[in-house]
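Order as written gives the chain letters A, B, C and D; numbering starts at 1 within each chain.
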């Protein structure tokens, strides 16, 4: 038996390309006598690699479409619908994050080559994670993704908070991974295999029969609940998002969430929630509490990044509703809703955090609402785009964010999750308030003479006029996408739905 | 069942031992103040998991579990490397290994 | 394509405005021109509309979110016809009304107005639930900015309150809409968010039990609309929003936005949930009556003119609610008429208040007094609108109130007895305000502004004269207006318990 | 068709005058120009009215009615209100009175008001009033009548507050409107009751649907509806309890008081009842209430009139009192008598108001009678015309007031709905009227000159003012001859017919089977003569007493005041009715509103919103408090989460 067939290698080719490409900046640096190469070049290498991987990924997907099963490496990974959606999104998000990293003061400069390397490897982990059809590859994917992230945060130019964030993330992340791994062990012991396909088939039965298996499932879920920051495993989120350099926050809050939820969703395909009410109830409670904890938590924050961190917690709550729907048997519809929400959420949050990154003047800058006072009068387009993003996050139509919520709510109601949906709806009212707040600061703060109050940060022409073109592009592009896809949401929906 | 478990050391014993180790590691993470000890506790948890994998593999009469352990050991090593690197970086700057030092980000 | 043009043209106008220089006068002129062009489209609608049928006309239907049966589907009938015309009519005037008072960020301001127009007209014309919801929510955003940026001192509080209040209500409506989409699948076999399809559903109803689908959804929708209307006790956002909004904002809020709530009752709540509506009609009549009296009493003790007018809105909209839930032809006709009346009289009142505020920079009633000798024509205009507001016969207000009271008397005399108290109180607070502002000795605070107390300018005449003409026209020849809605309303009332609407080929 | 045109001309010409003066004249035209325009249009209206009434007399056979339907006003469901106007025998009288007296008062106003700054406005309002009054009078359905009903109220509001710089006057206008609105609200409900009972609001149709026999139930739609309409009438016609606005309404220019608050508008309530006589006749309970209220008002207003010093206030209370007579007449079913008194009252009360206006004009806007006296030598023509009015109102034969008042008194005694108490109260009222009117004459025209001669140079008014006075004086004398009672006409040489009765025949419904009158003719003739003599005698006696009190021995009133003490205070302060309304209705209402606002809006509803906000923020703070920053705490959350989930799952 061959270790790997040619077909396997083709399937894994995006991963290889990613890894190989990730080495180029490092090699350039080494060849350059360890002198930091031009950042722009490093970024271009990263971007090129990502684009190549993206291309390969799509190619592989369409190649595999003709085959009966999309599995490779003895069913360890597969390039199926979930994988292709999640991986392309993750790759694109990584691309945007690279743009942000190139512009941001806490990431640009020394060690940028290493950063590109780590980013690409983190994406590599994500790809493995979303392709994983085996608990082992799943775990490996998580770890590759996370380890690279720990390092990325750790090498920020900001010295104090980023280190603390890295340590926090590392300790808690490893701790949660350990729990997840223990879960895998229990599952393995009772199932006799680590194949997710088998797991989803037999989970329903085994949960009832074997308590240890149930414990394993719960541990596995908890590992994911941690990664996607759901209550009460969300506490790290705000601290780490705040401490990490903003581009990394953008990367984490979008790509990591995307990959983790995609993998999380896979487990629920077996729809074991139907027969296990207690588990269903636990997840519903977690969803409802998360939405409120996130939205209400954001309510009392002034630091934009921290606020967006809490908001991202709340959004995880909404996505969990979709996951529950999958677990209740509406696999395809639920999966589409989840993926739709993830894609839309990623665009919005990437744009919003790009805006924060744009506003930062130095690596230690912490953007609070005060910084954006009167921004609309100095930077109308950016402020307008930010407004679009915020309104979308609030879920006000016709912005895209609304449709994400709409599909999730529709599916949840279809599955009879009336109370959860009601709470989610009310939570989004609280949520609306937090997204209105930055808008108030950008547009509406005036002094006694009715003149706009414009913060120093917003006035700073030197920073804003000449630099951070990439960041600006990301902001504008995401806002534009939000509006366009908002109206053409059906296209996106069908695009996703056809893959799943 | 009882007689059997007494007479022969079986899966249950290994699992109990593994859980004891796992919980010890967990308590270490929860209670120890030195960040290095916390890192070691995490390693301990991973090793406890290794033990259960091996035990399961043995009881299932499979090799998969054993192989997984290798993977885990590799990852654990990588994790330790990353963790130590971070700790060293922090220590170099702040001369601090107490876990309670990392409380600036909060609220 | 006409209706789509009417909906989307303002959006296009907003985009066109973005190319203008923010400071130039040309911007204002362009905005006015574009809004007049929209008015022409409205005239085109007027010509194209066929008043002799109750069917939905000029419909357009394009598939949109096909997987859930959601479509871009619009149409007009006698229920929405006048509201659309009111909207297109009031916008050019609103722009004229902002001519001198809005000096900052004009581009954004006029663009917001146009987006608002799209949202409002879209709300009135949507036949698809999600499309309706989209326009409904979209209307919040520009209004949020209009109040928040160009408003008064407490504008942020007011605008956020406005946004959150409305959003809280509409979320419930959204959930109910989703539920109906799913229910349509269950009952009819396919997803559909089309109102015309929904009308055909028999939604299970058990009287007296709260937790039946129809009752729950009835309340989910009703709460959303009641907040917008606004009905007691969810009215408190309105005085704040009105007081803080710039003149045109207040006008649009009063004249059009509040109508979205009551229109919702006519178009959505009552036909969709007929049994629940009949079962709970008493509740909404009581709410209407409370609104009438309570709003009037509140207006009686306000010291700020705008706040007084705002509370008068609460009172007037109480009448509308009452007329609607009388569930008979007279009540509903009166309610529809009262919606237009309120748009005209309160809209004009806000313009008038804005004009005087531009001169004196105060809205405190106590600061005024003896204004009439300085501004005689202004006083006359104010009086005429006041008469319309307190429903003196020969003005439009009378027709609406008379029909509403008559309709509610028919359906339940007791509430009509209470509601006429509002007739008295309405006269009391308005005339009290007129007396304090225009009569008596010249107010102390005004002495410093005497130079500014000039009578109406030509622009202001242009703003007010359409209102004045309409006040009398609608008061003397109501049939000219009612004839366009008659068939729709008759159909609406006669087939209440199994309302369906077909599309005119 | 021509009739339609004439109705249109009659209705619209005042409106045209209003618009011309209102739009073009403002601040440009002087008093003479605008006055001439306004008077011209009033005259046009009068001419058309006269033509129409003349046309009506020629329609001897068949239904005597001239109508014009202009368009359908409101058509909804079963409610159909055409804009239809009619001139029939009842409205003909009113049309003539309104336009005739109206024209005279327009004319008078030219002299009286021409120096005023707002004279153009004044004349436009006057025309506006005329228009609305005509709508009220000729409108052929309750809603159309209501249009005029509220329209005249509006005109009254504008004219009372004509000198609005004086806040008191502006307030009086407001008070008038709002008090009227209370009545109007009842009117509206009354309309609804009738509409849903009869299915129509057009007079003729209701007429054909009214049940034949009287409806003897308080709760029948007929009784309730008519009662509510009557409440509407108490507002407009200043009856208990809504009369309080009328004395205050004297704040307006005097010709306005003459036209609106004496001759025409305030009689609208009476007119409405007469117009709907077929309806009220079928509701005896309502009639009883009307009679009681009318009788009470007669006495109440008359007593207050005894103690007033303001010449116009005296006339105002007199008006309230006289209106009480008319309601009394309606209440006892003597609708014709009510209309008769309405007409004669219009003549003599307009005359007296105009006369007082002439006095006020001559005295440079002095209204307090304590600063008048002996004016007859300064204002001779005014004095003589006023004398005619005085004689008419105290009911001296053969002046107009005698005939109409006497008929009311006789009917209230003799008709089947009447009662001797009504008669007694009526006579009491007449006696009091005679007293305070003589007092007014004495204080104003007779006796010493109490005014300050340095400042006041009383002078006679110009002819434009005197001509109307003379015309009205003539009418006050001859106006009553239209309705000479049978007993008198029998003894008169030419046996003049009761023109009015003949004219109204068939138009009015008599609730009483007139057996009482027809039966014992001779006995009743004697009784009628006796009662007539009694009331005239009492009036004369009271007039003489007043003369003695105020001319011969002026110290008596002062003595009486001291003697009566509190009773006088009570009367002098108008029974404190205004104060009671203020204290027990208005103030509590305002206080309640303020409290409601503070407690319900601010403290409950908004508080609740804040509570919800605070709850959200509280949740946020809890969420924030979870974030201690300590890694091990976070790890503990994870462990606890695991523990809780496991616990719930395994249901331990």
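Everything below uses one rule, namely that a residue touches a chain if its C-beta (ideal position, glycine included) is under 8 Å from a C-beta of that chain, and two chains touch if they have at least 3 such contacts.
Keep in mind the model is a prediction, meaning the values are calculated, not measured.
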Which chains are in contact with both chain A and chain D? B, C
By count of C-beta pairs in contact, the leading pair of chains: C-D
So which chain is farthest from chain C, going by the mean of the CA atoms in each chain? B
Centre-of-Cα separation between chain D and chain B, whole angstrom: 99
Taking each chain's centre as the mean of its CA atoms, chain B sits from chain C at a distance in Å of 66
Between chain C and chain D, the Cα-mean centres are separated in Å by 38
Chain-centre distance (mean CA atoms) for chain A and chain B, in whole Å, is 27
Identify all positions of chain D at which a residue touches two or more other chains, and write them in rising order. 624, 627, 629, 631, 635
Where in chain C do residues touch two or more of the other chains? none
Residue numbers in chain A touching 2 or more other chains? 167-168, 171, 175, 238-239, 433
Specify the contact topology among the chains shown, as one of line, ring, star, complete or other. other
Listing of all chain pairs that touch each other, if any do: A-B, A-C, A-D, B-D, C-D
Chain A - residues contacting chain B, complex: 136, 139-140, 143, 147, 150-151, 154, 159-161, 163-168, 170-171, 174-175, 178, 181-182, 185-186, 188-189, 192-194, 238-240, 242-243
List the residues on chain D that touch chain C in their complex, please. 26-27, 71-77, 79, 143, 146-147, 149-151, 154, 157, 161, 164-167, 170-171, 173-174, 177-178, 181-182, 184-186, 188-189, 192-193, 195-196, 589-590, 592-594, 596-597, 600-601, 604-606, 609
Interfacial residue positions of chain D with respect to chain B in the complex: 624, 627-632, 635-636, 639
Sites on chain A touched by chain D in the complex: 167-168, 171-172, 175-176, 179, 211, 214-215, 218-219, 222, 225-226, 232-233, 235-236, 238-239, 278-279, 281-282, 292-301, 310, 430, 433
Considering only the defined contacts, which chain A positions touch chain C in the complex? 376-377, 380, 391, 396-398, 402-403, 406, 409-410, 413-414, 421-422, 425-426, 428-429, 432-433, 436, 439-440, 443-445, 450, 452, 489-490, 493-494, 497
